[in-house]
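Order as written gives the chain letters A, B, C and D; numbering starts at 1 within each chain.
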Amino acid sequence: MGKTALIVIDMINTYDHADAELLLPSAAEVVPTVAALMKRARGSGAPVVYVNDNFGEWRSHHGELLDKALAGPHASLVAPLKPDDKSLFVLKARHSIFFETPLQYLLSQQGIDRLVLCGQVVEQCILYSALDAHIRHLEVTVPRDAVAHIHADLADAALRMMERNMGAHVCASDDLWT
Amino acid sequence: MGKTALIVIDMINTYDHADAELLLPSAAEVVPTVAALMKRARGSGAPVVYVNDNFGEWRSHHGELLDKALAGPHASLVAPLKPDDKSLFVLKARHSIFFETPLQYLLSQQGIDRLVLCGQVVEQCILYSALDAHIRHLEVTVPRDAVAHIHADLADAALRMMERNMGAHVCASDDLWT
Amino acid sequence: MGKTALIVIDMINTYDHADAELLLPSAAEVVPTVAALMKRARGSGAPVVYVNDNFGEWRSHHGELLDKALAGPHASLVAPLKPDDKSLFVLKARHSIFFETPLQYLLSQQGIDRLVLCGQVVEQCILYSALDAHIRHLEVTVPRDAVAHIHADLADAALRMMERNMGAHVCASDDLWT
Amino acid sequence: MGKTALIVIDMINTYDHADAELLLPSAAEVVPTVAALMKRARGSGAPVVYVNDNFGEWRSHHGELLDKALAGPHASLVAPLKPDDKSLFVLKARHSIFFETPLQYLLSQQGIDRLVLCGQVVEQCILYSALDAHIRHLEVTVPRDAVAHIHADLADAALRMMERNMGAHVCASDDLWT
């Protein structure tokens, strides 16, 4: 039995993309929950891995993405989620945390075989990442109050798909690292 | 602009897996539609690619899978969909048509960049395959009457996800190759 | 610690490809060694996995490839290496046994983490496959008398590269399963 | 026909790894050649992509790798090769520039289908990357005076393998972008 990591998806964000207006209220709601989850994971010694879209088009690095997000109009959604010295980083091309990224290699090198997925958005990147984790025989947990959505009905369907068809454990974030 | 292929997913099937009872009525409904679609695709010279789970555990080949399905109690769901001499075959490990398969290579070698996905089941393998096609910048069409489901509500959500979030064109099979 | 498998590369062959004339003498020399190795592996209960180029262009299956090779002018190089009922099969696109194939999935499902690579040709497919196994942290053994070559000098360099840079164990086939 | 990119492999380096002593003289020899090549590529508007081992263990980013290398005892081998504002970056896990990296995605998004590989070391990462490029049907050029080696004899064999078996064009760096 391996280790469990907290995977924080697409939360280093300037929120200037399509559908951002629809996402913002939900993001604002989950940020404190994600921050608390992160704190408890760190307290338990669980690795925290930030996986983020590469907004910088292969020129920027995660430090620059963070600086840009913290300088933008939605800094208050990013500041509570700042990485610490032990945080790990993976830049993704698009959608899934596994597509054309070194994440699978990083996980296997660190002996991690269980993932807690949080961040945004549940009916897209979280759903796709849960599938790609399941297909690789990794165990997936999704705390339903720590994932933001754009469309509530699709988010609900996504959670049921993950639970029923991808073997994911859907729970409350309070159940984790407490 | 490349070619369009018809991708027939998991229809060479003995229907003895979990949830088969729930799937059978929907499968029975789509088989004639898939058969007609296949006939029109072949008539237009479009490549037909069968992508199927490897029930044989890496010992069998697609000829044996077909023989076994045709000898089983649900042969009537398989016989109308038999491959012809020009059919192409890919065995998949699980779920997505792209996961650990040569499909991406086959498509690029044949100059195919548009996929029509039919078969089963829409809220699982079809959804996962549509995502993996979209992430690879392939164009996806899903004829809604040529895909079978296990759970109608998740199937409906899956079709909306494909249309809204994966750029898929959801249509009636009568719109294709006519 | 997992299991060891014997991987037989590109030996189901009609030998009508480029460079076949240069390959044939070396192939003829290794066939009896590969056959003996296969027999000992089977006797020890080790899985034997045939990985072969897909000469059939995604229309044929491994049974047809075998029939064609056995009906050709070089049947005597194929007959001693026929699969048995327990043999496993993977068709590859080109070069490496891992490129766009389900091999990594098959190995992990069967708990195999050590590979003995035999077949042809050592300075191409065997070298590339040893690299792709090493990069995936699989342990590799190459019996130098059970791998055929086209160019002797490149074959020698390939064996040194595998030993020095890819952590492979290069040995005599008599050291294995005896 | 797509664009050509210059790929600079593992040159942002602290040279404190195994075999570094053997590598240093060859690296010192190629640095001015790589720097000149880079200058001509930039002058022609060709994209320059740095692909580098992730020495930072998924905590650091390319800016930190560069700072560390420039602060070390071998800064003189790194300073002439500094990225400019248009440089692109990919961190790799190990060995090949394609293994678990977004490089293939980056290349296809930018319309690049021809690679000039330079850097180190020719009988390892350059060889593996040339293979992985060839297997993906990308065109490869290797300027022999812009690649460093650890073992001269294996480097020579690697260049012959790339030329003969991987369809690579091996040339002098003066032949490129002049």
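Criterion: a residue touches a chain if its C-beta (ideal position, glycine included) is under 8 Å from a C-beta of that chain, and two chains touch if they have at least 3 such contacts.
As the structure is a computational prediction, the values presented were derived from the model and not from experiment.
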Chain separated most widely from chain A, comparing mean CA positions: C
Chain centre separation in whole Å, for chain B relative to chain A (CA means): 31
Inter-centroid spacing, chain D versus chain B (mean Cα positions, whole Å): 41
Residues of chain B whose C-beta touches two or more other chains: 94, 99
Each pair of chains that touches, named by its two labels: A-B, A-D, B-C, C-D
In the complex with chain C, residue positions of chain B that touch it: 49, 54, 58-59, 61-64, 85-94, 99-102, 104-106
Partner chain B, residues of chain A touching it in the complex: 94-96, 99, 123-124, 127-128, 131, 134-135, 151, 153-154, 157-158, 160-161, 164-165
